[in-house]
Amino acid sequence: MDKKIYLDNAATTPTRPAVVEAMLPYFTEFYGNPSSVYELSNVCKKAIVNSRETIAKSLGADAAEIYFTAGGSEADNWALISTCEAYKAKGNHIITSKIEHHAVLHTCEYLEKNGFEVTYVDVDENGLIKLGELEAAIRPTTILISVMFANNEIGTIQPIKEIGEIAKKHDILFHTDAVQAYGQLPINVDEYHIDMLSASGHKLNGPKGIGFLYIRKGVKIGSYIHGGAQERHRRAGTENVPGIVGFGKAVEIAMETMKERTEKEVELRDLLINRIVKEIPYTRLNGHRTKRLPNNANFSFQFIEGESLLIMLDMQGICGSSGSACTSGSLDPSHVLLSIGLPHEIAHGSLRLTLSEDITEEDINYVVDRVKEIVERLRSMSPLYED
Amino acid sequence: MYSEKVMDHFSNPRNVGEIENASGVGTVGNAKCGDIMRMYLDIDDNGIIQDCKFKTFGCGAAVATSSMATELVKGKTVQEALQVTNKAVMNALDGLPAVKVHCSLLAEEAIHAALWDYAEKNGIQIEGLQKPKSDIHEDEEVVEEY
Amino acid sequence: MDKKIYLDNAATTPTRPAVVEAMLPYFTEFYGNPSSVYELSNVCKKAIVNSRETIAKSLGADAAEIYFTAGGSEADNWALISTCEAYKAKGNHIITSKIEHHAVLHTCEYLEKNGFEVTYVDVDENGLIKLGELEAAIRPTTILISVMFANNEIGTIQPIKEIGEIAKKHDILFHTDAVQAYGQLPINVDEYHIDMLSASGHKLNGPKGIGFLYIRKGVKIGSYIHGGAQERHRRAGTENVPGIVGFGKAVEIAMETMKERTEKEVELRDLLINRIVKEIPYTRLNGHRTKRLPNNANFSFQFIEGESLLIMLDMQGICGSSGSACTSGSLDPSHVLLSIGLPHEIAHGSLRLTLSEDITEEDINYVVDRVKEIVERLRSMSPLYED
Amino acid sequence: MYSEKVMDHFSNPRNVGEIENASGVGTVGNAKCGDIMRMYLDIDDNGIIQDCKFKTFGCGAAVATSSMATELVKGKTVQEALQVTNKAVMNALDGLPAVKVHCSLLAEEAIHAALWDYAEKNGIQIEGLQKPKSDIHEDEEVVEEY
């Protein structure tokens, strides 16, 4: 296919050439195990220190508060499960939202099976968490609040600072899944009163299979992967040195380019949103109009189904994704779209397009034109659409 | 994910549309995934299916199986059409991923529903045809193949 | 430094250039999230299937029984903790050995804190598990036996088949940590009655940060990382596609070259062992003389301490490691060396040299000469050595 | 991991060896890591340390701190030698990794032990010197720095 317009940057991103470049020497040249004594390993040790410092700096954190993991899911599991273990003497209740990623929701279900209680706070029609409901859910036994920084499907950015303040006021730990927000939005863990934060390398043009959990000093959670003394005894396993180096490089670039990138993406995102909503009838934008990730657009087209739409877009060289999770083994429509109040059949026909800095205005116009055609075509095939 | 045949029938679905004054129309939905399929049959006095059209709100597999199913029943007798099972449709499409098997059931059921409608309208009974459920629940565990 | 002889292949290995080559396209070109619908992702999906099949074949297993993890430690944690969770109705007792890797031992300690009981079976002076003791330790409540395939420090290969038979006879699940053995020894999960097996990519010239857990069909353990539907719903997290591809390639090469490599390594290992033991007084070989990994040699030199030895070897361009764990944050001497009966101060002066196929006879002779000089020098500085 | 100064003193340790008929000899060990250090002092009639030698069974930091400690006490009075704390030794070596701080304590204690032996042999009391433990237990939590 000639054309390829990748608009699924919320699913994963290409690794930047400069990131791959930075990683390469650590495969074949500086391959030492960082725990070893010899010089070869010191190079690796230093490379890890550098990445850790770059990341810490990006969050206003201390290097000793950054713990590398295999990705966002592990970081989420760790934060939730180990907090419950460590603080169970204090209580057995945690609060989260209905629109968290499965890495949080399924971990909560697991915790529920193990004697913990979870309150899933509602969101409004824009996907914003209801702060009053959140605060009202707090019990004397509440040990953790976990709310995502920004949603992966609809892009809505939560009032993290306000949530952090509520947590702090009630002396409850606050974890945020920032897998989508990190690298896209400025984050300061002190300003937002964040105690733990999850992030993943492959969402910001870093490599797959690497992430981190920020753990504020004083938060006494144990290990989730037990074994060797890596990561200050808190996360066992030989360090993924190339992954850590690549992650550090990706963060460095993401922070440097954030401002410029955001400006460009917001402009094109808004062009995309405005044209689609105006030119295609029976269409709604999902997520908050302005409190949304700079690169996220999410639409529901009535009367059609997401997978068909995606395949047809793919045939036109456009990569997008859908709230419809048919293909990932589950047939339920997106829990996020249902939580913001969409009926099943409308949630079913949704399309998420997530931009990158490489997208041009021409791309966006091409995409809108194709989406229009395809939606029309699918509607003409739909038994629900009577024009 | 999909075979070439599936992709072919998906991108160029045969027999999309409606038949006015059809001999039988059947609509079925899958409660689990929310997808919906409607089949129109034009059956002549000898019980031969002269035409068949469909409308589908569903995934790629749903569109492709609808399309293939219409092809398979056209020209067949009512009795023969009953043999067009979801397995037959899948085979004709060179298979479907395990998670997509239920989509082909939708096609089978839609044909049955249209035949049922035809039988009711004409006050006849078709041997071997049971009243189709309007919702397909599938209880088999879905296991992905690697 | 001119010379570099890397003899720490049990700690980690350089990633083969052919492996890096195989990975590269998956960073920048085929970067799709394998769970997505479009064609770009199908390439990734297929690449994962290929790696999975290569690995399954190498073990006589089914592709559907291989689950990718972030490394050996995660695989060990998963096997132990999730087995305990899934089978706790049957019992709360597990059996392991005293010389397991910390990824198993510390996980056992964690389980002990959570109500499980663990028997740590002794090994003999060669590091071989005592089968009689193992079988005698079985209780009606025993749900799991976990014994490593080969030891990472002293290289001793356990009678895995016999252990598997005991487990089978008593209808107990059998897990083996094969992180050191996989790629070095032929393994067949059916022949050895293995129900679960852990392995790690970076030990066989694959990338760091990727491993797998083999789980026999019918073993009903749940997830350890909860979240997305990846890995047949059993291990959440966006797949580390380049890592999986690299791991597959590394396994492919390791299996092809195993026989030849083993022959070469055994010969040079024996040259190393024979010269060191003969030419340096007050020296012992640790581990079984023949039932040992082809590339492993482990010595204790009386009157000297390991770290000093390692640094001096490093100055001569030789990378090795020591049972002494001073540098990894713990000051205790190796639990493995203590378990085979070494007194503290002798365990302290140990040296592990682990070969690769790139090592030559010349290298070995150079290494032996340097070790001799350095041991002599350190002894002359030692208050324990009175010549 | 180690500073250049540590590496220098490790690779070319000063004052390795024994002093025959030393004025004072002290041996201390760290029960935790199993390492052992022995210091020999040659002290003249004016209480000036004329010579100092050591033998060490220990890690790189232990060797380097032994070596640096001997350098620091040589030529000093007994009272001055008491000021050669582990901190002073570490500073002179441009620091040590956190896990290696205890190794420098070994050096401090070994000097104290040798001074104690000297005092006992000569029936004198050295102000500020306490009977050294032969084993150093360190209870501080060891936290690695990144």
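By letter and in written order, the chains are A, B, C and D; residue numbering begins at 1 in each of them.
Rule of thumb we're sticking to: a contact is a pair of C-beta atoms (placed from the backbone, for glycine too) under 8 Å apart; a residue touches a chain by one contact, two chains touch by 3 or more.
The structure presented is a predicted model; accordingly, all values stated were derived computationally and were not measured.
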C-D or B-C - the one linked by more C-beta pairs in contact: C-D
Euclidean distance of C-alpha centroids - chain B vs chain C, Å: 54
Between chain A and chain C, centroid-to-centroid distance (C-alpha), Å: 33
Centroid spacing, where centroids are CA-atom means, of chain A and chain B in whole angstrom: 39
Sites on chain B at which at least two other chains make contact: 1, 144
Interface hub residues of chain C, defined as touching at least two other chains: 37, 307, 311, 327, 329
Chain-level touch network, classified as line, ring, star, complete or other: other
Set of all touching chain pairs, with the criterion as stated earlier: A-B, A-C, A-D, B-C, C-D
Complex contact set, residues of chain D against chain C: 1-2, 7, 10-11, 13, 16, 27, 30, 32-38, 55-60, 62-63, 99, 102, 142, 144
Contact footprint of chain D on chain C as seen in their complex: 303-308, 311-312, 315, 324, 326-327, 329, 331-333, 344-345, 348, 380-384
Parts of chain C lying in touch with chain A, wherever the complex brings them together: 1, 4, 6, 8, 11-17, 19-20, 24, 27-29, 31-33, 35-40, 69-74, 76-77, 101-104, 106-107, 109-110, 200, 202, 207-210, 223-229, 233, 236-243, 307, 310-311, 313-314, 319-322, 327-330
Residues on chain B engaged by chain C in the complex (per definition of touch): 1, 143-146
In the complex, chain C residues that touch chain B: 37, 42, 45, 48-49, 52, 63-64, 232
